[in-house]
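Here come two complexes built around chain A, the first alongside chain B, the second alongside chain C.
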Partner chain A sequence: MHKAMTRAELALFAENLVKTNVVYGVVAKDKQFGWDRILDHKEMVLDYPTTISSPKKYFLPPTETLIEFKLAANPDPKFVNHSQEAILFGMHACDLYATSMLDNAFEDTNKDPNYLEKRKKAILIGVSCMPDPDCFCNKMGVDDAVHNEAKISKKEALYDLFFTNIGHKYLVSIGTKRGEDLLAKYAKPAEASKAELDQLKVVEKKRVESFTSEMKQDVEQLAKLMPKTYNSSVWKEYADKCFACGTCNLVCPTCYCFNITEKVKLNLQEGSREREWDSCMLPQFAEVAGGENFREHVAERLRHRLMRKGLYIKEKFDKSGCTGCARCYRNCTADISIVEMFNRLKEVTENE
Partner chain B sequence: MSNTITAAPVRHKNTDTNMFLPKMAKINKVEVFTERETWYEMEYLDKSSLGHTPGQFVEVSVFGVGEAPISISSDPTVEGKFELCIRNAGVVTNKIHQLKAGDTVGIRGPFGTGFDVNKFKGKNVLFVAGGLGLAPLRSLINYVVKTRKEYKDVTLLYGTREPKEILYKKEVEEFEKNKDINFHITVDRGAEGWTKNVGVITTLFPKVKIDDPKNTIVAVCGPPIMYKFVIMEVLAKNIPAENIYISLERRMKCGVGKCGHCQINSVYVCCEGPVFNYAQVRDFKEAI
Partner chain C sequence: MSKPKVAFFDFTSCEGCQLEVLNQEPQDMIDLLNAVEIVNFREAISDKGQDYDIAFIEGSISRPADETRIKKIRRQAKILVALGACACTGGLNAMKNKYSAADYKNYVYKDKAHYERLDTYAVRPVSAVVKVDCEIPGCPINRFEFLRIVKSVLMGVTPQLPDYPVCVECKMKDNVCMYQRGETCMGPVTRAGCDAICTSYGDPCTGCRGFVPHPNLNAQKDVLAKHGLSPEDVMLNFTMFNNFSKEDTTR
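Up next, the complex of A and B:
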């Protein structure tokens, strides 16, 4: 089901939302773009290239308090869970897909209360984008999961509302009842006309045809390839270039590993236990108390990271662990391309 | 006190919203075992039972310092209290070593999948414990000793680096006297007055007689280096890989399958382990 809105109507919708809701959106940050709290709707942009970091930082903050306690005979530990009703406005397909993958991870076996409560209270509004030369989400099944109406109808949509820019107007796809209600409350959109729906098809076709990434395999092919690459010489090849700095983990929308640390307040009477983003690329990640390190070498850590992206998460949740957003490549301090690495693994494995 | 424990080990499923919130426990008794290891008996302040299966672990909190994963070393059928044998190996365990009887700690758990005791029943049982590896195995050993008639031959091999590093000295003496179990002990380096075996733990294997290898279940716990050599000896006695259980050490930070630190390939040790069937993990390169 699609509705149509002019740019002015969309601006008014955003303005109304910001007035009475907690809204997060994308704003210009120097020459790039990033997620931030929106207090003035005019600052929010909808037409932007991939943000530096993904909106995962909203659901899984870089540091988050889990418990608070006293440094006393009775520490009286208290569980802490801060969450609020919020709207995330302007999520790209890759980040919607990543969020659904994180939902699986935090719901699996032991439900993570901190993540899930923030998630439950958030409304996700997606916005269409055009791929830049590095993007390969089409290969990772992300495009289909978000845009392919036939596939969406089988499962719940990954968004509550999704806006597609068709030139003179925006078309809104309604994903959930919650999205429908939000739209009805803050805007009065018209039904999309036949001509507008035709224009939507033209725009979507153009997007699909605009991918230029050299990624050779799709998500299924990748999951078949990865088990064969375990002993590949390619890991060492790239480990020689990799600084093992962990930037890829930080910007990756599907990396969710964390460390748990203890913080003591300056008054020395209270403290808290926090989780903070961690990185499987850092040397101490798989180290145990006696000093034994189960992934001592960069090649082992690099392999672990790519196995998670291409295989382990796929096996566990039947979703791609890589969304094809290419953030890891754009931000890599050693200029390593994940696409090049996946392609090289394929090439070398087939010839080994 | 009951002699029954959960039939099959289950993954920890938190039923409330507080999986990161420790429950307060009091240290009842402390006994210094060695220079590095100290034994603790604890109980929850609310007197509830820990409810563990042998091989599971808890996260022990010292508030203001942090949490450390520690395997539970007591008989699972004893209700109301539990025991931990803790090596001073890091910031948290160092702080625990400074605690005394009457002090409190936080406990989360029990976590993970332990030994399925039903797989051991009616079989010969071989325990191989190296160093601190005796602590996680002790939970199972004590349970087997208590329900001794349910098993055929029971053998326990225990090795430490030096005689002064032997843990549970009183119990080890009892094992030596116990005619119902075959007990062999060794030290890597002997000392004055030491009359028993000297050598790594594999030097005890010639003393082990396995009559019916297909019906023998093995439980191994020790430092990573030990596994490869012990498993070679066990397989050489024609015991099938499927009959070998090993307990793997990892730094579980969350204990609930999220944080990623304990991951071996695709497996989260804190949920699917720390006890694994050897056949299940032998192809995992990062396992040991």
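Up next, the complex of A and C:
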């Protein structure tokens, strides 16, 4: 079911939301775009190619206190969870998909209250986009949030509301009851007309035809290829260029690894348990007591990272571990492209 | 337990790192003074205690007299901590090692270049002369890291520095990369721990905290060249803070 809103109506909707809610959205940042708290709806951008990192930082913050305790006979631990009701306005289809994958990870076996509580209190508003030259979300099967919802989550849409830009207007797809209520509270959109729904099809066709990425394989093909690449010479090829800087993990919407440390205050009487983002490209990630490192060499770490993206997550959650957002490539100072690596792995494996 | 006695000594340096030690939040300063007794700190107190357990050394070794002095401190101190780039890697001072003594003296001191007391030899980090128990890198040091390391020492835990590059902290702050702003940056090969302070304020990282373990220096040279730096400018990036460094680049 779709509603239609003019740009002015959408602007008013955003303005109303910002007035009374905690809203996160996308803002311009030095010719790039990033997710930030929106205090003035005019700063919020809906038409953007991609953001530096993903909105996962609102559910899994880069650093977060989990427990506070005392260094005493009775440590008296206090659980900490700074969750709040929030609206994420402007998520692309790929990031909606990534969020559902993260949900799986944090719901799996050991439920993670810090993530899940923040996630539960968040309303996700999606917006349509046109692929930039590096996007390959189409190959990963996650580019169409509105029509893929059944395929992906089977139960519910990935979003509460989803806005598609059809030129002169935005069409709104309502994903959940919560989204419907929000829309009713802050706007009075009309039903989409037959002509507007036709225009939606035109716009969607145009998007599908706009992909230019060189990515050759889809999710299923990748999952078949990856087990054959374990001993490939390709890993070393790219390791020679790689800084093992972790950027590719940190900006990735589907990376969820973290490290836990316990910190003591200078008074040596109180302490806290902290979690912070970790990255499988970093040297200590696979190091264990005694100094043994399961992935000492950068080539092994690159392999692990791409196995996660192309195979392991697929096996674990039956979802693509990579959304095709290409953030890892755009932000890599060494210009290492995940698409080029996947393609090269295919080429070399077929000839090896 | 009596409070450990702490002393600060400066060698060839600007004393900026000692200033950072003092530049704490009031509560942190109170907690620090509750935890240790400072017996020697030229920047802050006039007492000159010679009985200390922990010695913080700021500055590089650049004269024969420095060597005698640092060895004496080493004999007294139970724990010796190198404080700041000058002490840890030779820092900016080591840049002069590239030139002949006549050249740099004439350049810096002009008509006073012949004064004997201005004589120095090639600059070395403290660890090149005596055993250093732990290092707090940076030009200047990061005051939070200073507190972190003091805590480790007080708890008898071996202090750990991050073994990953500045890019990690930079991306955790969701910064726009300097390379995407049309500039260059030493972040990919520089040891994190400063919370990417320079890039967060829009300046490139110049590598003041020294190289990360096993840096990919060849890739860094390639990337700098690819972004338009001349071979001379590439070398300047490598020698500004790391002229003394000899890295193990096996990966």
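As a convention for this text, the second predicted complex is superposed on the first by the 337 of 352 C-alpha atoms of A that agree within 3 Å, B and C clash if a C-alpha of one lies under 4 Å from a C-alpha of the other, contacts with A are read in each partner's own complex, and residues count from 1 in each chain.
The working rule: contacts are C-beta pairs under 8 Å (C-beta built on N, C-alpha and C of every residue); 3 or more make two chains touch, one makes a residue touch a chain.
Since the model is a prediction, treat every value here as computed from it, not as a measurement.
Colleague: Please work out whether A:P283 is in contact with chain B alone, chain C alone, both, or neither, and reply first, second, both or neither.
Modeller: second
Colleague: A:E262 in the overlay: touching chain B, chain C, both, or neither? Say first, second, both or neither.
Modeller: The first partner, chain B, only.
Colleague: For A:P62, using the defined touch cut-off, is the partner it touches chain B, chain C, both, or neither? Pick first, second, both or neither.
Modeller: second
Colleague: Would you sort A:A105 into first (chain B), second (chain C), both or neither based on which partner it touches?
Modeller: First partner only, chain B.
Colleague: Determine, under the contact definition given at the top, whether A:L250 touches first (chain B), second (chain C), both, or neither.
Modeller: Second partner only, chain C.
Colleague: Kindly classify A:G271 by the partners it touches after superposition: chain B alone (first), chain C alone (second), both, or neither?
Modeller: first
Colleague: With both structures superposed, pick whichever of chain B and chain C touches the larger number of chain A residues.
Modeller: Counting contacted residues of chain A, the larger count belongs to B.
Colleague: For A:R7, select first, second, both or neither according to whether it touches chain B, chain C, the two together, or no partner.
Modeller: neither
Colleague: In the superposed arrangement, which partner chain does A:F294 touch: chain B (first), chain C (second), both, or neither?
Modeller: first
Colleague: Which positions of chain A sit in both the chain B and the chain C interface?
Modeller: Shared contact residues on chain A (touching chain B in one complex, chain C in the other): 264.
Colleague: Under the touch definition given earlier, write down the residues of chain A that touch chain C in their complex.
Modeller: Within the complex, chain A touches chain C at residues 29-32, 34-35, 52-53, 57, 62-63, 239-247, 250-251, 264-268, 276-277, 279, 282-284, 297-298, 331, 333-334.
Colleague: Per the contact definition, I'd like the list of chain C residues that touch chain A in the complex.
Modeller: Touching chain A: residues 28, 31-32, 34-35, 147, 150-151, 154-155, 163-165, 167-168, 171-177, 179-181, 185, 187-189, 213-216, 218-220, 222-223, 251 of chain C.
Colleague: Within the complex, which stretch of chain A touches chain B?
Modeller: Residues 66-67, 69-71, 73-75, 77-79, 81, 105-106, 108-114, 230, 256-262, 264, 271, 273, 275, 278, 280, 285-290, 292, 294-295, 300, 304, 307, 311-312, 315-316 of chain A touch chain B in their complex.
Colleague: Can you list the chain B residues touching chain A in their complex?
Modeller: Interface residues on chain B, with respect to chain A: 11-14, 17-22, 24, 61, 63-68, 87, 89-90, 93, 104, 106, 223-224, 249-251, 253-254, 256-261, 263-266, 271, 285-286.
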